[in-house]
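Have a look at these structures, which come just after this line.
After this come two complexes, each holding chain A, first together with chain B and then together with chain C.
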Partner chain A sequence: MSLDPALAATTPAAMPLKGRFQGWSTALTLLAAWLLVIAATGLYRHDFLSHQTVLAIAFTMAVVGVLAVGQGIIGISGGFIDLSQPACIILSSLVAVRLSEAGLPFIVVVIGAVLAGMIWGAMNATIVVFAKLNPVIVTLATNFIGLAALYLIFQSAQVPIGSEIHSLGRASFFGLPAIWWPMLLIIIVVGFLMRSTRYGRRTTAVGGSRIAAQARGISLKTTRYVTFMAAGGFVGFAAVLFAAAAGPFNPASASTTQLNVIAAVILAGISLAGGRGNFWMLLLSVGFLSTIPTALVFFGLSSATQSIFQGVILMIAVALDGYRARRTGP
Partner chain B sequence: MTDTSANRTLPAFVLPHHPIRDALTGSVASIAITFAVVVAVGYFMVGAKFLSFGNISIIGTFAIVPLFVGVFSGFALLAGVVDLSIGSVVGISAMVFAFLLQAGWPIWSAGLVTLVMCLIIGGLNAIAIVRFNADPIAATLGMLTALRGISWVLGGDMQMIAAFNMDLWSAVNSQVLGLPLFFLIGIGLTIIAAVVVTKTRFGRHVQAVGGDDRAAARAGISVTRIRTLALLISAFGAGLAGIIWVGQLGSAARATGLGLEFQVYAALMIGGYSILRGGVGNPIGGALGLLAVAGVANILDLSSISPYYVNIIVGLLLLAAVLLDRIRGGDAFE
Partner chain C sequence: MLKLPRAAIAAASSLLLVLGISGDAVAQDKFKLGMLVGGNTCCDWQKAQGDVARALAGQMGWDYVELSNNNDPATALKNAQIMVQEGADAVIQFNGQPSANPAISQILKAANIPIVTYDIADPGMYFVGIDNLAAGIAGGEQLGMIMKAKWDCNPDLVISSEGAGAGIVNEWRTGGMRTGIKNICPDIPAEKYVSFEGSGDAATALQPGRDLLAAHPDAKRMAVVGINDGGVLGLINAAEQLGRADEVIGWGQDGAFITGDNVNPHLAGSVFYFLEGYAVYAIRDVIKPIADGKAPPLKADAGDPASRIQPCPVSAEQAAKVPDMPERVAQLMKAPFPTTEYDLFCPNK
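Our next item is the complex of A and B:
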């Protein structure tokens, strides 16, 4: 860890042992919470522990997981939150739908959607960098503008039935939905890149202290462009999974996913203030959050109650995070 | 002011504080210009009808709920603790109030119980943010979701609760001098809030805490108390707006107030507040921001232009407003 001067200089908690212990405690807490939900529901209703449940959870995990990677990159690099993900994913999904309607091969559809997301990210980064405005306000505004513009373009869209992307949404692989596996791969690879490569550490260092990072010769402008475009690219890829699995969608269809994604990032311990976090934890937090809706249905509660639980869990997580930061912080 | 002192300390054109000059250069200045532009555009696009009492009354009716929400939640913004849960608080307040009315409760006791519930919600926000040091945006996002879920459950299969009450309806929809009574009350509350913010000790403490909480604490101001009060005020205002909503429409739906927080905060930021930096903004600027957005919506409506353009214009105005604030000396990002 200390091999990288930029990170060593910018990590205020220069206690690797403590940091590692905290990472483990996050993982164990998430795992325990997840197992508790599964065990409680399984004891109440034995049919919960079925392949159907696994499929339902995995479907939810796929889109949320990839979006959370994008959100995590923005957060860990000091960009706080990208509030424009709902507009970006719908834009990319629309691109995917239009390209597959034109009969283009699947790979072109994917590239088109990812590029659309990256262009969206570059647009956000341009405003952030050149107008020197806070990303939260910029993405709040671009989400407003983007969703309204999308409503002017279309009211409802759907991938053509029988197209490759349509069959991807219904295919399964080793007993899990095919769209789940790319999510797993992305989280593992990004987690590795952020931990073990210079680029990942630099990104984290900028989030930790932008002044110190700048003093070490890391360009803030480049970091903003790279992080926003990478995050946009992941949203574009999530759009492919979303368009594949969802039926007809409208511009507002992804708006409720936003909160799940932010909750997953915070629960995973990826600091929205930047500079701290482990992307592998997203597997646990996304899994835990995605299990709740299915579990509640088995408890006989309407699916509407899920947001009560998700909201309360988010509040408790944030409060504990803040309490811990004050106890251990400077 | 002698020549020497002017040369040494200040540029020659800096003049002592004066209310009118401050109004032209202060945080309200840009929104005053934006507001004037909206009025001018409305006049040219729609004609004299835009400024008729009938049309202002229509704009005012639509602006009542955002105005009530904005005046009170402005205190939380000023104290540096953004409260994103206001949209959902409007929703749950409307649902619970309508539920109690439907159950046969009288207006006053139903309203009182609803407002107490909203204060408890504000208190929970305060415990998370002030006591446990939670990030305000993330914590109130959690509250937003949880409350929306409760509204969803309360709505049941009907997805709404009908609670038409003739007395309440005629009170909320009554007109005074050709304008909606509650719109005038909202304007009155705005002026009172502006006086509280600029002229009272509490208001100055709120601004101090929002501007720099550590400095405020060193100056002997209780940051905990001020921020808790600000969050309670914010939830109270949203609760009040929910009750007015039921009065206006005679029902509450599970989607009541959905997305209202972003609409209101975008307008408040156009009006000079900041959701990221406390201590800036003024209730009068905020109210002008809300009215400017309501005016834009009205212009598009009268010109038969798709309402989706409202959000595009609001987004652009928001970016322009924060850019202007930044150029005028606000915090630059990086």
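Our next item is the complex of A and C:
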């Protein structure tokens, strides 16, 4: 093992048997809850178990899943949450729209949106690092400022109908939406990188104990910058998927995704206080949360009721997060 | 050394003060129009409503002050107080959050400032607006005729993309469209009418639209109505993603996404209100008479408005010949007052 001494001392050390079991229990609980929702809805309405349902859920998962990766990186590094994701995704989506309107190749559209997200993340990091402000307050403020500024720039935008990015939002691959596969890939790869690379372990270490990490020579500033920029990059990529699928959007169009993303991160067991979490669990939490609104419609409940369920699930998730922190804390 | 500059400064200050006072006196002689734009990020016409009012006030030689309600009742209320402080002689507002309207009405009434409200009525305000129910029925009848020709009035679903936040306006528009369909196709069973909350926004309507389609996997012939074009487009985009777009025909309201070269082919038509040009009606029928000292009687009821705006239902083919909003505003500003956008652009007058 080539784990450097700094990390060895600051990364939450070799997980005890109880902790490992808790990791499995999170996965099993999520899987059981998801299967329960599927089974109950399938029993109530047999046509729930159809390809149309799979498509509907997979489309919902795509954008939320990638945003949850960005949110998870902020959380696990101890930045708590990034409340500026709605403004960042709209800014990056607007960049994607403008680049595709200019007729630029799809790869340029993707790079442009990701870069826009990374610049946004760098801006957040700069304020957090140099003004020494709480990241939650900073991102709340930049979200307000960003949305207001975006409103001054545009009121409605959509990718050109028939463009490559527009086609991506309607294409399927192996029976699932084309925009679902990048989400799957990102969660798998990031989950691997966070566990198996020095950067991933440093990020987790800083979240676990800033003081210990600092004492061992890990630069908090650098980590903060890299973390926010990486998270912004993922939001930028989510923006490509969002712009591809959404049709016309306006500066407020992504505001409703925030609760779902935060709930997905907490349910996955990624601690918002930092230092703990497994990104692969996002597949289960995002899948579970994306299934609920679809199931509600099959039960004949109004789509408006999903906000109630989202709120309740978020409360349960926060309570679980607190419980986990107390169990594993000092 | 110091006395002369001080004296000069004092003299200059006095002169400026006198000029300032006289400037104020001149300004107070000019009629001042206040405009409270809606400030909802959903719709570019809300900003354009202010642009048109500003341009017309300029044409009339009036002073003009504009504030945004930010789609927030508290801000709208504060803005009304600012209008009193600003000495506005009359105010126009679009307030998408009408819970503040009674208080706004009271504040401006106490200051003897008449107020025009667009589209959402209040007993203390001159009502200028579209006949939302008539607009809904007109759009529904157009879609009903397509359904009759294409499906012999036998759809599998009639889907409503609701925008419950707009309250009675949603009931008039979306419910009106269902009424219009029933006028043409009266025998569609009630269970074929289904609704979802799309919030009048294509991106927001997308996920609930997909869920609704997934819950009706066997529906092949689907007609979509809604509070506006955005809400209807959300369902159409959802159908495209589930590979069922060829089974959907939509007809919107407000004309926001039916012009230009980026129109979804499954949006068969819409109803133009030309929302950005409402100020022509408000100034022609209410504000200018007030400025001329001939205030009209207060007409606050949407059924008997101070000025009624005519809805203009258009098919996608007809809409293709109508300029987009910035061009419409530009042409409206060149036309002699009080030419309306309905006069200039509606192909079905």
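Methods note: the second predicted complex is superposed on the first by the 314 of 330 C-alpha atoms of A that agree within 3 Å, B and C clash if a C-alpha of one lies under 4 Å from a C-alpha of the other, contacts with A are read in each partner's own complex, and residues count from 1 in each chain.
Convention: contacts are C-beta pairs under 8 Å (C-beta built on N, C-alpha and C of every residue); 3 or more make two chains touch, one makes a residue touch a chain.
Computed from a prediction, not measured in an experiment: that's the story for all the values here.
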Problem set entry | Touched partner set for A:231, first chain B, second chain C, both or neither | neither
For this session: Applying the touch criterion given at the start, work out whether A:264 contacts chain B, chain C, both or neither, answering first, second, both or neither.
Result: neither
Exercise. Looking at the overlay, does A:151 come into contact with chain B only (first), chain C only (second), both, or neither?
Worked result: both
Exercise. Which of the two partners, first being chain B and second being chain C, lies in contact with A:190: first, second, both, or neither?
Worked result: neither
Problem set entry | Which superposed partner A:286 touches (first chain B, second chain C, both, neither) | neither
For this session: Mind working out whether A:138 is in touch with chain B, chain C, both or neither, as first, second, both or neither?
Result: first
Exercise. Touching A:74 in the superposition: chain B (first), chain C (second), both, neither?
Worked result: neither
Problem set entry | Which of chain B and chain C A:50 touches, first, second, both or neither | second
Exercise. Which partner does A:310 contact after superposing on A: first (chain B), second (chain C), both, neither?
Worked result: first
Exercise. Which chain A residues are contacted by chain C in one complex and by chain B in the other?
Worked result: 147, 151, 302, 304, 306
Problem set entry | Residue ranges of chain B in contact with chain A within the complex | 124, 127-129, 132-135, 137-139, 141-150, 152-153, 262, 265-266, 269, 275-276, 306, 308-312, 314-316, 318-319, 322-323, 326, 331-334
Problem set entry | Contacting residues of chain A [partner chain B, same complex] | 81, 127-128, 131-138, 140-145, 147-149, 151-152, 210, 220, 224, 259, 262-263, 266, 272-273, 302, 304-323, 325-326
Exercise. Okay, in this complex, where on chain C does chain A touch?
Worked result: 40-44, 46-47, 164, 196-197, 201-204, 206-208, 210-215, 217-218, 230, 233-234, 236-237, 240-243, 256-257, 262-264
Exercise. Touching chain C in the complex: which residues of chain A?
Worked result: 45, 47-48, 50, 52-53, 55-56, 59-60, 147, 150-151, 154-156, 158, 160-161, 169-170, 172, 177, 242, 245-254, 256, 293-294, 296-298, 302-304, 306
